[in-house]
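The next block holds one structure in the form of structure tokens; read it before the comments.
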Amino acid sequence: MSTMLIRQLTPFYGSRQAVKPVDMTIRANQITAIIGPSGCGKSTVLRCLNRMHETIRGAYATGTVLLGDTNIYDTKEDPTMIRRRVGMVFQQPVALRTRSVYENVAVGLRMHGMSNKAELDVAVEKALRAAVLWDEVKDVLDKPGHALSGGQQQRLSIARALAVTPDVLLLDEPCSALDPIATASIEELLLTLKENLTIVIVTHSMQQAARISDETAVFMVDTSSGQALGELVEFDATRKVFTEPSDERTELYISGRVG
Amino acid sequence: MKPSTNYRWRKLVDQVMRSATVVATGCAVIPLVAIIAYVIAIGGTAMSASFFTDVYQPPDLPTQSEDVANEEVPFNPDDPFANLEVPAPENADGGLAGESDEMQAVADAYAAGPRGGVLHGILGTLMITGIGLLMALPIGIFAGIYLSEYRNERLATVVRFSSDVLSGSPSIIAGVVIYVVVVLQTQQFSAIAGSMALAILMVPIVTRTTEEMLKLVPEAMREAARGLGAPTWYSTFTVVLPTALPGIVTGVMLAFARGAGETAPLILTVLGSNVITMSMFEPMAALPLLTYRYTESPYIGENTLAWGAAFVLVMLVLIVNILVRLATRRVGVTR
Amino acid sequence: MANQQTSASWSSGKSLLRHGDVPFRIGTVVLASAVVLLVIAIAVIMVNASQEARQAFGLDVLFGTEWNPIETEVAPPAFGAYPAVRGTVLSALIAILIAAPLAIGIGIYLAELCPPSISTPLSFLVELLAAIPSVIYGVWGVFVFVPFFNTVFAEPVSQSFGLVIPWLAGPIATGRGIIVTGVILAIMILPTIASLTRDVLRLVPNTQREAMLAIGATRWEMISQAVVPYASAGIIGAIMLGIGRALGETMAATMLIGNSQRISESLFLPSTTAASLVANELTNSVSSLHESALITVALALFGITLLLNLSARLLIWYVERGNRGAK
């Protein structure tokens, strides 16, 4: 149910193609990392997985992405419902201003129809516990969300995403804006979450990918056609990618000689 | 995922509310188009050669001959109603008995087309607004220079706040103040008093535009001038101001358009006139005053002239605003 | 060689060049201060000129119900501007009730929903409404809108609901009155509120929008639950500026409100506003008391719009400051 089969996914910005067609399989209940130099399209590809890419004017993507047995790019599908099943956490921790900690987590639940206070309380606590934030905020639930620290706000963002019980969680460089301690806590959190969730994480830190991911996708920039075009060059078990990469471009990137 | 009622409701709300915002925008565009269309259509009927070249012509009312006007009707205490003409009941034609050529002439005068023109208003508006702008420019431009070059001083905050107060005040306040200070003191309505009142309204517009345009000039220019040894005042006048000049000119044009359209301050200071006057120290005609007075007039011809004067004002405002838009787009300003 | 020449002439003491900075600073400071002095002068002059009436009547000038400047055999002149105050407040209230939701909708459309290619020209059109002189609104109102409004709204409503609800009662004569004035005022203040709303909505950081979309919000949910609340202080400021403009509007109000001192219960019937009272009577005042009473009314108008503008600017400034430090 939460495996993603990606076939010939090709993102565009208006008339400009951004990435060469991508084929990969995101296995359920594991962490897949996407790494590569800047400009290789890794964030673009990630955002295609919950159809956030098309929120930019003129942007679209072709190809199919099967989530379980649903093609999320089928024209019948409504992106807003897809995004409930495939959640996303961004680089910047986001607390919805004007909302308390509690409401920051409950917002998705309320939107999808839950209004019973008791049910909401249970769901909010569950999400905050899953995000390893409950103990820190259980006494300040009605304080404004933006009063929390950066690391806490990022875990709040994760809780908000988890509250609507997605099948897949996408994270776009979630630790770039955080200090090492906060980063470590997020990494630990992800490792516990993968038991019940499929996780895809874009990261510019190879060490992070090596630390927590089960499989790694390596993207590079191909300028041979005159235009900068992203390309998936290798996709394999993380251990293999980092110790015996098949593609020499991966080798160059990992050893730091490129990118 | 099968669509639940919650989902269907959310989708409905989304579509309805998004359409509602389009309707709301229509509620702004439709009146705009309607006003401009009516002004052009009806005001256009007032357009004739004499409209731009003639001044006020009184309605063509028949005048009673002196004998009739002065004729005394003798009063008879026994029969007070003797010698008084009382209209007879309807005659065979269905018209009022006693309907004379005179009454018809009066009715015609009320219904007549526009007579005369608004030249006095056009000249008056140009003079009053122009002189007012000349009064407002030095204060506005130098205040704008001050705000942009010394923007962090405490005085700058006070100046900016004062400028906001001026621009947010009802325009009639400017009229009241000049009425008290100038009109009452000189016992005279005058064009120059109107210019002063308009100047009060135009200063904040010029100030704000000048400040914004000067802020847009890249700091690099000022630094280059400073690097060559030029003192601040020199670089301001020879480098910064000339660069910002096109933008400042647009601000001046906007101020002029705003001043030309104001009526309330002029009612209290200029009074208006039916003829062309060239003296700034006497009452003068102005387009908005004519528009107002002719609207309230019972004569349809004068009402049409009101639309004509409105037409001239609307054209002025439209042309200035479109020119300003085109000019600032080239400068690269987004508002 | 040329450089030496230039630097020599800079420093050689063409005294204007070298010492020009001082008069420059003095000149700009003086003229900038003139703006401040202008505001102070306005306040002082009006306080002064209104003194006679304020001392004689105090707040009754604004709240007394009888405005009769002419001394008759049976009564001294009365200067109670409550009819005008009531007309001003009610017409502005109607105006803001109509304009606020519409203008917020326009701001949302221009900032969030409108295709970028038409956003600029459309904004221009909306702002053009603000550039039209108010006397033009008056002319169009008198000859075009009032008859239309009467046929389409005032007559039918006053003859149906008006039979039960006193403030909607007829009979409609000229059609000039509080409600129609309020509607035209609404059109006049739409651009003020709408363009400010658009500006503050644009300042909302994109991260807020993305966070909502990522949990499956529809566009409208994103706007109404995240973007608008974030900008709410600024929007309230915009509304306050709109109210200020409606309160102070003179010409359109004078031409459409009917200029009657009668306090009628029905909002369809003629009334008067503070600004029209001053505009109509100040130049024909019959006594110095009359004059100073009118100036008291003007002073009150000035004071209230001043307060509204101050609060609104503070709110908007607060929103902009908050955004510069936004995470």
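Think of it as A, B and C in the order they're written, each chain with its own count starting at 1.
Note that in this section contacts are C-beta pairs under 8 Å (C-beta built on N, C-alpha and C of every residue); 3 or more make two chains touch, one makes a residue touch a chain.
This is a predicted model, so every value here is computed, not measured.
**Student:** Could you classify the connectivity of these chains, where an edge means two chains touch, as line, ring, star, complete or other?
**Tutor:** Drawn as a graph, the chains make a fully connected set, so complete.
**Student:** Quick check: more C-beta contact pairs at A-B or at A-C?
**Tutor:** Between A-B and A-C, the larger count of C-beta pairs in contact belongs to A-C.
**Student:** What is the distance in Å between the mean C-alpha positions of chain B and chain C?
**Tutor:** 17
**Student:** Centroid from C-alpha atoms only, then distance chain A to chain B, rounded to Å. What do you get?
**Tutor:** 58
**Student:** Report the inter-chain centroid distance for chain A and chain C in whole angstrom, where each centroid is the mean of the CA atoms.
**Tutor:** Each chain's C-alpha centroid was found; their separation is 48 Å.
**Student:** When you check chain A against every other chain, which residues touch at least two of them?
**Tutor:** Answer for chain A, listing residues that touch two or more other chains: 80-81, 84, 111-112.
**Student:** When you check chain C against every other chain, which residues touch at least two of them?
**Tutor:** Only 218, 221 qualify.
**Student:** Which positions in chain B are in touch with at least two other chains?
**Tutor:** Counting only residues that touch two or more other chains, chain B contributes 10-11.
**Student:** For a test of understanding, state which residues of chain C touch chain A in their complex under the given definition.
**Tutor:** 116, 207-208, 210-218, 221, 225-226, 229-230, 232, 327
**Student:** Spell out the residues on chain B that touch chain C in their complex, using ranges where they run on.
**Tutor:** Within the complex, chain B contacts chain C at residues 10-11, 13-14, 17-18, 20-25, 27-29, 31-32, 34-35, 38-39, 42, 138-139, 142-143, 145-147, 149-150, 155-156, 158-159, 161-166, 168-177, 179-181, 183, 189, 200, 203-204, 207, 228-234, 236, 257-258, 260-264, 267-268, 271, 288, 291-292, 295-296, 303, 306-307, 310, 313-314, 317-318, 321, 325, 334-335.
**Student:** Using the touch definition from the top, list the residues of chain B that touch chain A in their complex.
**Tutor:** Touch list, chain B to chain A: 1, 4, 6-7, 10-11.
**Student:** Give every residue of chain C touching chain B within the complex, in rising order.
**Tutor:** Within the complex, chain C contacts chain B at residues 6-7, 10-11, 17-18, 20-21, 23-25, 27-29, 31-36, 38-39, 41-42, 45-46, 49, 101-106, 108-110, 113-114, 120, 122-129, 131-140, 142-144, 187, 190-191, 194, 218-221, 224, 241, 244-245, 247-251, 255, 275, 278-279, 282-283, 295, 298, 301-302, 305-306, 308-310, 313.
**Student:** Which of the residues in chain A come into contact with chain B in the complex?
**Tutor:** 78, 80-81, 84-85, 111-113
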